[in-house]
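The first chain written gets the first letter, and so on, giving A, B, C and D; residue counts start at 1 in each chain.
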Amino acid sequence: MSLARDEPHDMAHEFTHIRTVEFAETDMAGIVHFSNFFRYMEATEHAFFASLGLDLHTEADGRVQGFVRVHASCDYLAPATNRDRIAIHLTVIEKREKSLRYRCEFRLEGDAAVIARGEMQVVHVGKSNGDERMRACNMPAETQRLIEVAPEPRT
Amino acid sequence: MSLARDEPHDMAHEFTHIRTVEFAETDMAGIVHFSNFFRYMEATEHAFFASLGLDLHTEADGRVQGFVRVHASCDYLAPATNRDRIAIHLTVIEKREKSLRYRCEFRLEGDAAVIARGEMQVVHVGKSNGDERMRACNMPAETQRLIEVAPEPRT
Amino acid sequence: MSLARDEPHDMAHEFTHIRTVEFAETDMAGIVHFSNFFRYMEATEHAFFASLGLDLHTEADGRVQGFVRVHASCDYLAPATNRDRIAIHLTVIEKREKSLRYRCEFRLEGDAAVIARGEMQVVHVGKSNGDERMRACNMPAETQRLIEVAPEPRT
Amino acid sequence: MSLARDEPHDMAHEFTHIRTVEFAETDMAGIVHFSNFFRYMEATEHAFFASLGLDLHTEADGRVQGFVRVHASCDYLAPATNRDRIAIHLTVIEKREKSLRYRCEFRLEGDAAVIARGEMQVVHVGKSNGDERMRACNMPAETQRLIEVAPEPRT
């Protein structure tokens, strides 16, 4: 990427991902299985990275890097069901050299009511040829530069 | 069930469920996908209920009852991978008339180290013929009687 | 719907659904888990129905109707992985009063090579209030009218 | 393993895996989602290998080996639902140097009726350090020795 440092509008702290609930994501209670909200959050994170030209997982010169989840949580306020269009709004609420924390709000598209609210914390890890296992390490410079923390909401 | 009220040993506040990680539960990072820990928690809850002769979801005389999740969270300390045997230890940490709260600790079988720690809160809901939708309602008497809250851990 | 019978262009025998592979759909071999191709086929079928203003599952006046799978198969020629854009081309290869049969060809978007080829046969079933269980029954007239069988490919 | 070649009873051509359907495996039609039968087949295959002291996927001296699916199919005769105990009976119906073909019959435990019948063909692949990608190659000698083809059923 060739973005110059003086293009602050290329930095991002929020993103909205929209998807249609699929039949296989429902359970016998007739609603989206609660575990799928975590998959939706991760898909939103990946789409957010892709929107910035970034990839969460990279492999180059024998070095593997990526993000692992260290925390995930979700509060469920109302159900979603088959064919519903869900808008997932991700906000970056914390950025450190080795980690990010997101908040996700789920709504039915075009509806103001939040149906679920989740959080995820991810840690950047890497491993070079010869290393036994992944270790926490600084995020790539480009990732650190392009992703920023959302300003505090005004009350 | 024919358990008498004077059999307190039939009451339960904890349960351990053991399972083998399946290939389909891993992701391209080579470990169990984080969303599956939520499925493991739910499977443990269902096995806990089954161990007491209870079912989470019942349907009788046109009345449907069950539990919905209102909160789920998990902290990930170490990964698990294909063919690992995982022991999930569930503890009931709160019981109200309409809800239960669990804590789950994940370990590799035979190993003392906790690899993940989660919580779930479930609310009992029901719907009779003619009702538009599920509403929170008291848990069945048998469920209320057989499930108890774990004593505070001594420090 | 108000489509007139003399609008044959509203009938359809094929459809293409495009999706991005998600991280949770990969396995530790680094590729899309083979079982997900069946979910992709079903998602394509639902999108095909939706494109015609149809729903596979309906509930009205105490009558539940839908389609059940009686056969599914897939041949895998090449793998797909995280973030790949997959184009799934569905063709209706058989239509009877109570059943449909589809063929699906999977390609990486913009690439001519087929990476997988599958088939599914679905049977229409229904149940009215008081019925014990679902029984095979004719598809709704609108479904029968709008979905047609693909012409034989010229050789 | 120290099995001698003159212990033909250690060779195997069939295996039964039993599992309890989990809530997350059901869909809004109230039954096990059809795609999960493919996961059940794979889980049975892995349990079959484990029963022989074998692993489908190995990594040693920079060489990665495993099996990829090239074909999977299933016919669905009757549904299964939450908490059902399913017995999956796997039979090896073809063995070549680089591939295996299985048949799986699904029954509710203790019931003679087959509820589903599937097939899978897997090809053994491997990759050494420096190789660009996995290539079909002979199965390990131990795998070839311990797994045999089922005799033709008498009619």
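Just so we're on the same page, a contact is a pair of C-beta atoms (placed from the backbone, for glycine too) under 8 Å apart; a residue touches a chain by one contact, two chains touch by 3 or more.
What you see is a predicted model; the values in this text were computed from it and never measured.
Asker: Are the two sides of the chain A and chain B contact the same residues or different ones, given that same means over half of the numbers occur on both copies?
Answerer: Same; most numbers are used by both chain A and chain B.
Asker: Suppose chain centres are the mean of their C-alpha atoms. Which chain sits farthest from chain A?
Answerer: D
Asker: I need the rotation angle between the copies chain C and chain D from a CA superposition, between 0 and 180°, in steps of 5.
Answerer: Between chain C and chain D the superposing rotation measures out at 180 degrees.
Asker: Looking at A-B, C-D or A-C, which one is a repeat of the B-D interface (more than half the contact pairs shared)?
Answerer: So the equivalent interface, with over half the same contact pairs, is A-C.
Asker: Taking the mean of the C-alpha atoms as each chain's centre, how many Å separate chain A from chain B?
Answerer: 27
Asker: Starting from the mean Cα coordinates of chain B and chain C, work out the distance between those two points in Å.
Answerer: Centres of chain B and chain C (C-alpha means) sit 35 Å apart.
Asker: Quick one: which residues in chain C touch 2 or more of the other chains?
Answerer: Touching at least two other chains: 23-24, 28-29, 35, 39, 42, 57, 82.
Asker: Using the contact definition from the top, classify how the chains connect: line, ring, star, complete or other.
Answerer: Its topology is that of a complete graph.
Asker: Enumerate the contact residues on chain D facing chain C in the complex.
Answerer: My answer: residues 28-29, 34-36, 38-39, 42, 57, 66, 68-77, 79.
Asker: Using the touch definition up top, name the residues of chain B that touch chain D in the complex.
Answerer: 22-24, 39, 42-43, 46, 50, 55-57, 82-83
Asker: In their shared complex, at which residues does chain D touch chain A?
Answerer: 23-24, 26-31, 33, 35, 81-82
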